[in-house]
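Lettered A, B, C, D, E and F in written order, each chain numbered from 1.
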Amino acid sequence: MATISKPDNPESNPRVKAVFDDIRATRGSDFINNIWRYLAFDPPLLEQMWQEVKDVMATPSELDPLTKEMIYIAVSVANSCTYCTHSHTASAKAKGMTDAQHADLMRVITAAAKTNHLVTSMQVPVDPEFDTDA
Amino acid sequence: MATISKPDNPESNPRVKAVFDDIRATRGSDFINNIWRYLAFDPPLLEQMWQEVKDVMATPSELDPLTKEMIYIAVSVANSCTYCTHSHTASAKAKGMTDAQHADLMRVITAAAKTNHLVTSMQVPVDPEFDTDA
Amino acid sequence: MATISKPDNPESNPRVKAVFDDIRATRGSDFINNIWRYLAFDPPLLEQMWQEVKDVMATPSELDPLTKEMIYIAVSVANSCTYCTHSHTASAKAKGMTDAQHADLMRVITAAAKTNHLVTSMQVPVDPEFDTDA
Amino acid sequence: MATISKPDNPESNPRVKAVFDDIRATRGSDFINNIWRYLAFDPPLLEQMWQEVKDVMATPSELDPLTKEMIYIAVSVANSCTYCTHSHTASAKAKGMTDAQHADLMRVITAAAKTNHLVTSMQVPVDPEFDTDA
Amino acid sequence: MATISKPDNPESNPRVKAVFDDIRATRGSDFINNIWRYLAFDPPLLEQMWQEVKDVMATPSELDPLTKEMIYIAVSVANSCTYCTHSHTASAKAKGMTDAQHADLMRVITAAAKTNHLVTSMQVPVDPEFDTDA
Amino acid sequence: MATISKPDNPESNPRVKAVFDDIRATRGSDFINNIWRYLAFDPPLLEQMWQEVKDVMATPSELDPLTKEMIYIAVSVANSCTYCTHSHTASAKAKGMTDAQHADLMRVITAAAKTNHLVTSMQVPVDPEFDTDA
């Protein structure tokens, strides 16, 4: 159940087909997951989002691909995004995340959440030693 | 400005002193940052929190120390925790995070936040292919 | 599946019936959606919530009705409220929101979420020029 | 106090200068606010963020500029982003938002937040009537 | 620093004066804290908000006043509201919250935050036994 | 549907069995809810989480058990945690929470959420009178 209608034959639109083809080529898989199938309702938005996700997540950069997936999961969990937590956990596993690493990821996420709430409860002032911009 | 009173001479309490000594030994530094100085108002809470942070962040585990700091930052940003964002960015830099890696971390955090909000707007249903528990 | 029991015959309670009648009259529709059917478990809470939603959303004010629905959606998405995102997207469409406006709304929501997380990552200080209260 | 160092002479970098010039031209003002001054630490990130903000907020689209600013404020408030709330309230006022409209915006934001939390407390199931994707 | 201008002589407006007088009478104190001083920019919004806070927090109800303050703090911390965390911690202390209770409150808030993030990471399905609405 | 695989015979692992036995003994019930059944995928994480929840929620402390459950619900609602809202509402009811108290809890949660968003919109400065740490 969604707030928009998923197009029935999205690839009849050449802009959508071009994005879907690039998703398949980038991932080496025929599977197109729902976020892209729904975004096809607005081809310019689909193009922009895929370009950004591809640039950030599928292009070699300073951080390795699995680290990026785990950071993505951490944000998605803190933002309570069910779909994103599912899709990026699947991506992380596809990139080699083991069950033990998954458990460790949860240890870090939950320790951070715990101290986030503790510090906000206490309203701890930031130490001047942390000021990078001095 | 905080919601609790920071004890004046925290190390006059031997339980607090033991924790502060362990913080110094674990980090190889004399600097005790404010979260621990404020937590000294309740020694059992101080002990429990330091033990957890030490176990998760300062003990060798499945993920390397810098990766754990970046995951911690990601959660802290998504939870809008100013103190935690400052303290763990400082920790990440102390563990070698470069400016280029910091920028890359921000790219991943912001791409995740963007798609989190997009997917929630559209209420995209989770693909059955993502079900690990099948 | 809910945390409270939806009353079976809510309109047997005259206070509930009065609210449901006002909902139908205000909207020109017989459809009573679930939030009101569940809230009927506590008639004073039902009365207070409907009065507030009616005052804010269904009474002419400084902002036009469709703009108010889109602001409502934006808050609901950022707060990860599935029900509210669905119900107010339906309301916005009933008030004329086109698919192109819906896509534009998502562009603004996601750009805001992205910069929110970026600025929190960087802890950018507020420019003194923004101080209205000077 | 920030987590990154603001460059001292950002416009000595031609990529930064080009973005700052475009910000000034787009806005018809010499004022460059802090988000861009700090982002200058990583010119590619600065370019990408400015391009996106310009495309979404400063380019004619389906929604009028003031409506977009109010939606931006709504998301920023729900995400607890101090800087963004300040900067986009200033932008909204520059585009003509009156005090009465500002108060009305707060009425909608707070009514949404209230019902978001109410509905999550009750875990109200989504009405099948809201399914656009049927 | 605020996004609105605090009126200089708020009580020159009789509607504002009536609310301020009621705040003083309800609390038995001459102190009017900033939220009300700023809200005076829009007297109807001031009246509505004070009425609601008075009804919920200062009127005898099913829960005792200190319990209500602690619940209020819990929500404010989870929503990262600095002002609300400060003001309601002060209210809780004025109603007798001890340092030991404050520490216990933090234990509950942080345990909840931790399991919230854990459960979202794992996407644990809700047990059918929890369904009240069956 | 979850991001991890629930073990088929969790109690064949003696560490898991020991935790499950302690859950049953602590609660005086044979019912083991899903969070523990899923956490069994990583016995050390299961042990740590159960120990913390037991220490905080099932051990006599400064706050009574029902108050702690309501604070837990408040945090879980603000963090949009569906599972936690369900499980701790069930716990609160098992500890005697009436429908009228439940409605009152919702009044406090929603009033807090409303003022949280209002204060963040206005960026109200914290009154110096609230400074405990002066």
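Note that a residue touches a chain if its C-beta (ideal position, glycine included) is under 8 Å from a C-beta of that chain, and two chains touch if they have at least 3 such contacts.
Being a predicted model, the structure only gives us computed values, none of them experimental.
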Report summary line: Note: chains that touch chain B and chain F both are A, C, D, E
Query raised in the report: Which chain's centre, taken as the mean of its Cα atoms, is farthest from the centre of chain F?
Result: D
Query raised in the report: Counting C-beta pairs in contact, which comes out ahead: A-E or E-F?
Result: E-F
Report summary line: Note: chain E sits from chain B at a C-alpha centroid distance in Å of 27
Report task. Could you give the separation in Å between the centres of chain C and chain E, each centre being the mean of its C-alpha atoms? Result -> 21
Report summary line: chain E residues touching 2+ other chains are 1-4, 38, 75, 77-82, 85-86, 89-90, 100, 103, 105-107, 109, 111-118, 120-123, 125-126, 130, 132-133
Query - Residue ranges of chain A in contact with chain C within the complex - result: 1, 3-4, 41-42, 44-45, 75, 79-81, 133
Report summary line: Note: in the complex, chain F contacts chain E through residues 1-4, 31, 33-35, 38-39, 49, 52-53, 56-57, 61-63, 67-68, 70-72, 74-79, 81-84, 86-90, 93, 98, 100-101, 103-105, 107-109, 111-127, 129-130, 132
Report task. Please name which positions on chain C make contact with chain B in the complex. Result -> 73, 77-78, 80, 82, 85-86, 105-106, 109-118, 120-123
Query raised in the report: In the complex formed with chain C, which residues of chain F make contact?
Result: 80, 85-86, 89, 99-100, 102-103, 106-107, 117, 125
Report summary line: In their shared complex, chain C is touched by residues of chain E numbered 1-6, 38, 126, 128, 130-134
